[in-house]
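Paired with subunit B in one complex and with subunit C in the other, subunit A is shared by the two complexes that follow.
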Partner chain A sequence: MNIIETTGLAGNYWTTEFSQGWRTEVVHDVTLAVPAGSVFALLGANGAGKTTTIKLMMNLLAPTQGEARVLGVDSRQLGPREYSKIGYISENQKLPDWMSVRQLLDYCRPFYPTWDAALEKKLLAQFDLPPARKLKQLSRGMRMKARLLSSLAYRPTLLVLDEPFSGLDPLVRDEFVRGVLEVSELGDWSVFISSHDIEEVERLCDWIGVLDIGRMQFVESTESLLGRFRRIEISLAGGAARLGALPQDWLEPEQQGERVRFIASRYERDATERACCEQFPAAAVQAFPMTLREIYVVLARANRSKAKGAAA
Partner chain B sequence: MNLTWHIFKKDFRRLRLPALAWLLLLAAQVIVSERLLSVRSADLNWFLLTGTLFNLLEAVGLVVSYILVAFLVLDDPLVGTEMFWVTRPISGACLLGAKLIAIGLMLGFVPVLVWLPWWLYCGWGWGDIVHSTLRVLCVQTIAVAPALVIATLTNQIARFLLYSLLLLMLAWVGLLNLLTHWQEFPASLVETRLWMAAGLFLVCGAVVIGKQFLTRRLPPSVAILACGGTLAAAAAFWWPWDLTRIWQSDQKPMSGTERVSARIVQASFEAAKGNLVVECLLMGLPEDSISASGIADVELRWPDGTRFRQDHLKLSVRLGENKSLQHALMLQPVEEDSETNKHREEMAREFKRRALEIDWWKRRTSRAPGTGFDEAIVSATLVISQPIATRIKAEPPACSVWARITLRRPELLLELPLREDVQQSGKGMRMHVVQLKPEKRKPTKYGMVGKSLTVTVVYEQAPDVTEMHFFQVDRGDGNAAILSGSSAMSAFPISGKIVGAWMDITPPQLWRTDKWVDRPGWLESTTLSAVAYRESGGFNREIHTDRLVVQEPETGE
Partner chain C sequence: MLPFMIELKPGLAIAEQVIFAVKKAVVGGQMKPGAPFPSVRALSQELKINPNTAHKITAALVAEGVLVTTPAVGSLVAERGETDRKARAELLGADLERLAVDAKKLGLTLDEVQDGFAVQWRKLSRK
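Let's turn to the complex of A and B:
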């Protein structure tokens, strides 16, 4: 069962620019699915449309095309019943700054029948939040933790995090991620996280979707993605050879003397080695695993050059 | 409901300081009211300053109400995508309920609660209190409704203030335009148009508020408001049908009015505007009432079938001398002093010889010349065009008037002795005689010239006392004279009004051994009486004439 499903989702913003027809479309034809119990990371550069996609899913914006279903309900119909099972955390969300941390928790508690006072107490201590201090007096990281606390204490079925790490120092990031990880281990929670902070996301996610200029490039499980990307280094035994036409799934090929490097985007040990041997006979082939960040950068470059080519 | 109450408590905690300031402002108004009714008001400058301060406090109170509503709504804004509440399990209906409870309690209930002890102190009955409560709620609604509409369409206080300013300017320009063309239409049609415009704005505002709280889709809400505003403006300027007859139904005949007869006595053109004034004489009015106002439909007909008709014209009334006041004050006429009467008759003969005319009774209620004690003249003014006026002059038409007359009965509210620093409450009024100031007088052959006393009175008056006069009542000789205030300044509490009045008291005089003297003991037997003229009923009459001859306007030559 999918906890979130979008089909051909598109959304736009109203602008003051008549030349843009008063509206500018920032998300086009986004289709994705988040399986229940998984941690889904939506990756993309700044302005890729991650926040807009989340706003469309959370009924903060109305889709212009397509639909999003969250917890099995059309996003446009999301109401208190569904929100009582969703924890939404965004750096843009305005907190009632005049409240203290304690007042915020006291205010939120009655809205959630599943509010867990013991968990609240535990997280409050873990996050080291001063209960009596007003939210406006807290640092950015502390405020983020207060948001997280007020969204975790009722054990939501779905936790939606929009750019949760931006502007946080490494220590707070670590506490934040640890909080999410620990709590998600307590139950069968699903997490949807949007970020351009790939290292942090890598520790959390099972599924990855990459969004670029409002379009979904792919959605894939982390395991599969990390498995199919390898940095290949080939040592040419018989001296330098001229690179000929290479397969399309070999990205960023480069040659330095007797060494050829490229990224295999559909790596399968036997098939890739066989293909290498066909291209470079008698060469030694070495395959190195890649981090999610490296894969993301390669894909982003490839998309950009593809887009440039299409424009030309 | 629990969650609604929970949100309300959050809002109250959030706005507790502004709410406290609002409460203090209300308390300050009550304290200033109390000071206005004190003996310090004998000082005209002090009363003026304090009255101005009171009006200022009230105006500030309305502005504070307006801003408080904005703060209340904008604490959980309905526009944007970054609000805290919107991804929490809070329904729009629940939020709307909480906001309405907060507005109702803070801006409706609290003012009534603060004013209630004052109203009781002023001697208001439950009817007055209910009336005042409704008035307070109505004024607060007028202040709050636009704020609520605008606040639901914004997410920042700065934008709220900007849009409020724009709305104020639009309303101002619209009203100025309306007032410019006011005279071109019958008052009842203008009244209908204003009601229609206000009604449309309120309905459309309510729809926008509901829609914003329930769906938070800004473009449709703005479109609805724009349509509503356009419709309201169109109704204010071009609504064609007069609907006032729906709520101004025919009077149910009051007993005792069956014998009232009516006839058209005169018609004339107003010198300045050329409007046609039709005057009717009412005869046989009940003794205990006066006809104070009325509405009429007037139709002119020519033999060729042409008709000219105007409906719901306000009637102006001139009264004949009338005995209702004697009934209300239970005055028993006492036989007048023979020596004085004899002297007055001599004086009258002398004046007649000198072709002078002096009305000895001008202290009494003014009356229309030539009308008896049970008579009144009512006049309707028709707005007519030049061609119609020319035709009326050339060819006098038949005229029919369907008049709905309202009667009022005088009622004694309070009667205080003429002494300094006496005060009394009751029947919707609190009155305080704060000063009696003797004035210089000069004896002449014809009487004492100049006033004897200036009495300074401050009073608080309930809103349903729409017409009230002071009388100098002499229980010794059974006379009552209406008093005119030489100056009267008002402070306007929303629920009533506080007035300071400075009135001249003239003692009754007797002719004794070749000179005029004040009647001995007059001050002890004279009281200051506040008399309200309350609506007591009415009647309808159809009045016809076959030939309406119009007098030419006086040119003043």
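Let's turn to the complex of A and C:
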């Protein structure tokens, strides 16, 4: 079963620009599926439409086209029964600043039948949140932890995190990830996270979806993505050679004297090595794995030049 | 704390790295037969990885006979088998490959490499 499913989702971002008619469509056609029990990361440049996509899923915005289904229910029909199983955290969420941490928790607790008081206590200590301090007096990191605590305490089936690590220092980030893992249950725990913090994402996420200008560029398993990208370094045996026509999935080729480098985007050990031998006979070939961050940058650059090429 | 040493490198499949590290620890003697192995939950929290991945790792290690699961206690390191010598040699495979490529790029002969290796080996044996 898919815990989240969108088909051809489109939606607007509400602006304060009268000249734009108060709204601009930032999500044009988003189709993705999050299998239950998996962790899905939505990556994309600033302004790609990640936050709007999440708001559409959570029924904070109505779709102009297409649909989103969450926990098997159309987003427009989401109600208390579903919300009590969803933990939604976003930096944009308004907190009742006048409340203390303790008051926030006292306020949230009665809404959730599955609220775990022991877990609440444990996380409060783990996050080192001062219960009596007012939310408006907390630092950014503390505020995010307060949001996280109030969302984790009822052990939600689905966690939706909108740029949760933005602006958090490494210690807080670490605490955040530990907190999220604290409520993980094998099989009955799904996470949807939109993030730029690719390092965290790489370790946690089963699925990566890349959003580009309101459309899904692709959705792929982390394993497959990391498996098919390699940085290839070649040492030419007989001095410099001219780079002729290279396979299309060899990205960003560079040459300096006897050294050639490119990014293989469809790497397969034997096939790629064979292709290298054909292009560069008697050369020494080395393949290096790439981090998710490096892969994302390569893809983003390729997109940008494609867009420039199309515009030209 | 985990009973095996590992430094997760980004870009490589996490499951493979952990499985390799565990095998190395078992074969190298840092993890003794019968020693408890962390639960899926503990593994996921210590390494800060997806619990699904932690589960895959444990399942793979059990399937390969490195770990055994007992209903009450959890996962334990399995008793040593006969394939150890070969398995131990295989663990060095990636390192040896890299060494061979580097040596060839530097234009070294097999003898030069072997001599250099022997020096390093003797240094360790003296300690």
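Following the convention adopted for this analysis, the second predicted complex is superposed on the first by the 299 of 312 C-alpha atoms of A that agree within 3 Å, B and C clash if a C-alpha of one lies under 4 Å from a C-alpha of the other, contacts with A are read in each partner's own complex, and residues count from 1 in each chain.
Just so it is clear, a residue touches a chain if its C-beta (ideal position, glycine included) is under 8 Å from a C-beta of that chain, and two chains touch if they have at least 3 such contacts.
Just so it is clear, the structure is predicted and the values come from calculations on it, not from any experiment.
S.K.: When the two structures are superposed on subunit A, do subunit B and subunit C clash or fit side by side?
M.R.: fit
S.K.: May I ask you to decide whether A:291 touches subunit B, subunit C, both, or neither, giving the answer as first, second, both or neither?
M.R.: In the superposition, A:291 touches subunit C alone.
S.K.: When the two structures are overlaid on chain A, which partner does A:83 contact: first (subunit B), second (subunit C), both, or neither?
M.R.: The answer is first: A:83 touches subunit B but not subunit C.
S.K.: Check whether A:61 is in contact with subunit B, with subunit C, with both or with neither, and answer first, second, both or neither.
M.R.: first
S.K.: Thinking of the overlay built on chain A, is A:271 touched by subunit B (first), by subunit C (second), by both, or by neither?
M.R.: Neither: A:271 stays clear of subunit B and subunit C.
S.K.: Can A:223 be said to touch subunit B (first), subunit C (second), both, or neither?
M.R.: A:223: touches subunit C, not subunit B.
S.K.: Just to be sure I read the superposition right, which of the two partners does A:39 touch: subunit B = first, subunit C = second, or both, or neither?
M.R.: In the superposed model, A:39 contacts subunit C only, not subunit B.
S.K.: With both complexes overlaid on chain A, does A:117 touch subunit B (first), subunit C (second), both or neither?
M.R.: neither
S.K.: Touch test for A:246: subunit B only (first), subunit C only (second), both, or neither?
M.R.: Neither subunit B nor subunit C is touched by A:246.
S.K.: Taking the superposition as given, tell me the minimum C-alpha spacing from subunit B to subunit C, whole angstrom.
M.R.: Superposition on chain A places subunit B and subunit C at a least C-alpha distance of 25 Å.
S.K.: For subunit A, which residues lie in the overlap of the subunit B contacts and the subunit C contacts?
M.R.: Shared contact residues on subunit A (touching subunit B in one complex, subunit C in the other): none at all.
S.K.: Help me check something: in the complex, which residues belonging to subunit A touch subunit C?
M.R.: 37-39, 174, 177-178, 181-182, 184, 186, 189, 199, 202-206, 223, 226-227, 235, 284, 286, 288-294
S.K.: Which positions of subunit B touch subunit A when the two form their complex?
M.R.: Those in contact with subunit A are residues 2-3, 6, 10, 13-14, 75, 81-84, 86-91, 94, 217, 219.
S.K.: What residues on subunit C touch subunit A, complex-wise?
M.R.: 8-14, 40-41, 44-45, 47-53, 55, 101, 104-105
S.K.: Which of the residues in subunit A end up touching subunit B in this complex?
M.R.: Counting only subunit A, the residues touching subunit B are 14, 55, 58, 60-62, 79-81, 83-84, 86, 88, 90, 92-96, 98, 103, 107-108, 110-112.
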